[in-house]
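Next come two complexes, and both contain subunit A; in the first it sits with subunit B, in the second with subunit C.
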Partner chain A sequence: MTSRALAWRTVAASPARALLAVAGVAVIGALLFDMLLLSHGLLISFRDLLDSAGYDVRVIASDDPPAARIPITHADALIADISRLPEVQEIAAVRWDRALAIVSGRPAEGVTLISATVGAERKAWRIINGENLVAAGGTREPPPLVVSMRFAEALGLKVGSALGMRTTMFGAASAIPPVMFRVVGVAEFDFEPPGDLMAATTIDAFRRVHAGRGQDNADVVVIASRPPFGPDDAVTAINHLRPDLHAYSNAQLVTHFDQNGFAYFRQISFVLSSVTLGFAFLLIATLLTMSVNQRLSEMAALRALGFPRRRIVATLLWESTMLVGVGGLLALPLGGLLAFELDHILRAMPGIPERLHFFVLEPRAVVLHVGLLAATGLGAAAYPIWVAARLPIAATLRRETVS
Partner chain B sequence: MPEILLSRQLMEQANVHVGDLVTLAAEPDGTRAGQFRVVGTYEPTPDPMKFSAKRLEARLHLPDLIALSADLTDPLSTESVNVLNVALVNPQEAGAIISTLAARARGLMVRSTARQDNSGGPFAVLDRFHWAIAIVTVIGSTAFLLALMMMRAEERRDIIGILRLMGIPARSILVEVLLEGLLIAIVGAVFGILVARAGQGVVNRFFQWRYDTTLVFVRVTFPIAWQSVAFAVPLGVIAGLAASWTLLRREVVSLVRR
Partner chain C sequence: MTTIVEGRHLTREFPMPAGPVVALRDVSIEINPGAYVAVTGPSGCGKSTLLHLLGCVDAPTDGSLLFEGRDVARLTDSERSRIRLTRIGFVFQRFFLMPMLSAWENVELPQAEIGIRPADRRARTRELLEYVDLIDRGHHRPSQLSGGEMQRVAIARALANRPALLLADEPTGELDEDTGEQVADLFDRVHADGTAIVVVTHNPVLATRAERRLMMKRGTVVHS
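== the complex of A and B ==
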């Protein structure tokens, strides 16, 4: 009988125990897998989100958190200056603010209203139904509005519906009169947070909603670099042109995010991965050691019958491999389900865009998961193997007979 | 010479000492600048929303700050402040005063400093996330615990068989197992809390060093310790009982047979 077959018989002899051990490894392995997904997931998702917008450089007024909302002033002149740089292919200004959407017969709803330079709207949102702002005629009255699907569902809007928009002022009711809009399209917004409603309009209409306040401001200026220049060249040129502003390539933004906003999740994933691995190591080692202790006489008998020491070692290694291997494999789909739930919990954080995910499946995480569990299984089997390998045959058999 | 306080972090980064003269400028190119004498240092109030930010901060007297940063083209800028802190004679009237101020001064955001119900805030979400992790850990460890208890019960098969042959009823043996499980579970839970208490210092010191802050990241409070005990003790006892029950329901002969 091979070592593998002997290990299988040992495992199968106590099916309940084996099932519980596999279940334990699967659950703990799922947690480990999820922490590995979390360690890079948000960064990968953030990078995808930035890249999918079609711009590779962003200019902001301040390094302060977005909540500080420090706008770029004289945005039109800035755009004219930057667009003359040879490194720049395309440029757009984006503004956003909180507003109240007023639909007849319904309570007013707080929404995020955004506007982008003509031409940029095709990248900022994707039309699902109706038409885009430019196609709808930006100068027609009432001004056009593109709303998100959630916005349309929440307020019962469809293409052609009319609604009013009024700017909000720091938690108090605004005295600025509402501006009437007509819905020209329903769109999917990349940066729409799950708990928010989003709508977009033209820059002129956005300024009308704000009664002319901050006429020439922008919250962010987005730029697509011109080949063969890359985003780094564009950033250098913009920083040279306007040292008072902050220009970042997508890669720099991801690095900045990694060092600040994301650091907590990276470290919590490291701490929890380490604790989970240590926990799994202790439990598997305890299970195998107890199992070996219960079978000392059986092993001594096998040795007395001529079983070489390496076969005993191989049998224990196979036993550990079976428990950890099956549990580790089950951990992958279980971890996927758990990641889905944990992602759902974390994405409830305010301001997280709909398309941003904390847990992202990547081959590196699967390989690392398999490697770490294999190392844990081998490490946990080391002590029981040492006990079994050094077993004194005669003394063990005598003790068994006497007891 | 106007006086200024600098945060500990800024003092260390800029290698400035108490008594030094420093220049602050309102513009990145160094224009609209003023000189100040550093008269002291302070530790910024820990803020969980800013824990990853470098707290390079300074505190000036309000007239000095306005003189430094006011926009000369805007007459209102010398009359403007970002925040007014108000201490109420009767804190119970905070709600009424907030309503009155909000109604009288349109555009003003008035908030109480009392802890708000913030079930949708980032820390409430993190709390739910950690709860979910804790539940998964408990499920995984329960499976392991059951496996270990089954092995432990199997080890005592002979003893249980002999006790049964001697006439001791299964119920008495079950009570003995229950009491033993209870004792082990309590000792285990207390040991776990002691490990957590020891671990919190390590975790806090690591994160405080990493982020250069005095913020406390982990704190084993009485309610948390109590929750742990409330989870661990019943689970330990039930696992012990379940494992022993598999032996007790067997025929006595099968327990002592080799």
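== the complex of A and C ==
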């Protein structure tokens, strides 16, 4: 009988103990898996989000990306300069601001109004109903507006509806009259946070809403580098051209966020996964030690019958592998489910873009999960295995006979 | 005819906080092939200690032990395991069968350990279970057997690898008189088949079956 078969028979002989162990490892393993997903999830989904917009370089005025926005002034001239660089294929300016949407017969609703120069719109939102800004024509009156689905629902709008928009800028709200818009399309906005409503219009219309202020501003200028140049070449060229501004490749932004805002999640996840591993260790060590203590007479008898130490060790290792292995495998779907729920809860926080996730499944996390659990299983089995291997045969037989 | 096991001036002390306990004091003993020896004596006189030394599961603090001519003290742990597996059979008072395995599997276990092929293993196991008259109980777990039946399975297991020496420590200690007698009968047959037996017992019936009786007292053999 192989060590594995012997271990299996031992496990199968006490199904309640085996079930408890497997369930315990599965639950703890699920938490561990979630912590591993959390440690990189935000970063991965942030990178995906940046990449999915179709631009690989972003230019901003502040040298601290997550900090409060400072607008880029003289954006038109900047765009003209940058687009002449050989490293640059596409360029667009993006502006956004808070605004009040006014629909007759309803209370005014605070929304985010964004605008992008022609070409950028096809990457930041996807039309579901109606048409896009360009197709609708940038010069027609009233100016076109693409609203998010939630926006349309909240204010009872559909393609063809009319509404007014007014800046919420302090002091300006009463002074500037609302600009009238016509809804030309309903779209899905990649960056729309769950608690917010988003709408997009042309740069011209955006300027009219903000009559007189910062007409030539941009909040961010997005760039697609031209092959064979990469984003790094484009960043170098732009920083050389305009040392007063700050260009970042997507990779640099991800690194920046990783070292600042997101480090928080990594630290939490590191602490929690360490605690979780500690729990897994204690659980497995306790169960195996108890199991070994209950079977001392069996083991002493096996040794007296001539079973070498390594056989006892191998049998216990198999036993640990079975319990931890099955529990660890069950932990994956369980952890996945839990991550889905937790992600849902976290994403309900205000200001989180629609497509940003905290828990993202990646092969690395699965490999790490398996590796960490295997190492923990081995470590936890070490003490009971040591006890069993060092068992004094005669004294144990005597004790187990007398007791 | 080489001696199976020979102990010379065996002493076994157990260090204790209140001073060492001398369980065995200067005992010399020789077990030859085919011998049938009963060890008797009051509780605590060192019978089990002697048996454990002969069975290579414990080492003397003084004196030497030769198993089939080899000095046991010079052997590695795995070499001693090998001797136990192939040359010695153990029978315990409390049987110590593997509770998760059937009677059949318990008897197969030591054979599998030395790598006997499955077909030969099956034949030998069948033969042994017939020998102890339990062939129809092969698929039963120990918990489904009576004490006497468990002890017979344990004897079959001890004989599985055709040992030269069968060691039994109070094999009838947990059994009633009649069942004890069945075990004694079985030992007679084992002996008749040529296996040497050393049995530690309080059971006079079993003791009288042996060819040679050793009386022990306070760690020494007082009468042989």
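Keep this in mind: the second predicted complex is superposed on the first by the 393 of 403 C-alpha atoms of A that agree within 3 Å, B and C clash if a C-alpha of one lies under 4 Å from a C-alpha of the other, contacts with A are read in each partner's own complex, and residues count from 1 in each chain.
Throughout what follows, a residue touches a chain if its C-beta (ideal position, glycine included) is under 8 Å from a C-beta of that chain, and two chains touch if they have at least 3 such contacts.
For clarity, every value in this text was computed on a predicted model and none was experimentally measured.
After superposition on subunit A, the partners subunit B and subunit C are seen to fit next to each other with no clash.
Of the two partner chains, subunit C is the only one that A:308 touches; subunit B does not reach it. In the superposed pair of complexes, A:287 makes contact with subunit B only, with no contact to subunit C. After superposition on chain A, the vertex angle at the CA centre of subunit A, spanning the CA centres of subunit B and subunit C, is 80 degrees to the nearest 10.
Looking at the shared chain after the overlay, A:244 reaches subunit B, while subunit C stays out of its contact range.
Put subunit B and subunit C next to each other and count what each touches on subunit A; the higher total goes to B. In the superposed model, A:397 makes contact with subunit C only, not with subunit B. Looking at the shared chain after the overlay, A:367 reaches neither subunit B nor subunit C.
Judged by the touch definition given at the top, the superposed model places A:375 against neither subunit B nor subunit C. With chain A fitted onto itself, subunit B and subunit C come no nearer than 9 Å, counting C-alpha atoms only. Of all residues in subunit C, those touching subunit A in their complex are 48-49, 52, 55, 57-58, 77-78, 81-86, 88, 90, 92-94, 96, 98-101, 105, 108-110, 112-113, 157-158, 169-170. Interface of subunit B with subunit A (complex): residues 27-29, 51-53, 102, 106-110, 120-122, 125, 128-129, 132-133, 136-137, 139-141, 143-144, 146-148, 150-152, 154-155, 203, 207, 210, 246.
Looking at the complex, you find that subunit A touches subunit C at residues 1, 9-10, 12-13, 297-298, 300-311, 392-395, 397-398, 400-401. By the touch criterion given at the top, residues 14, 16-17, 20-21, 23-24, 27-28, 30-31, 169-173, 175, 195, 243-244, 259-261, 263-264, 267, 271-272, 276, 279, 283, 286-287, 290-291, 294, 338, 341-342, 345-346, 348-350 of subunit A touch subunit B in their complex.
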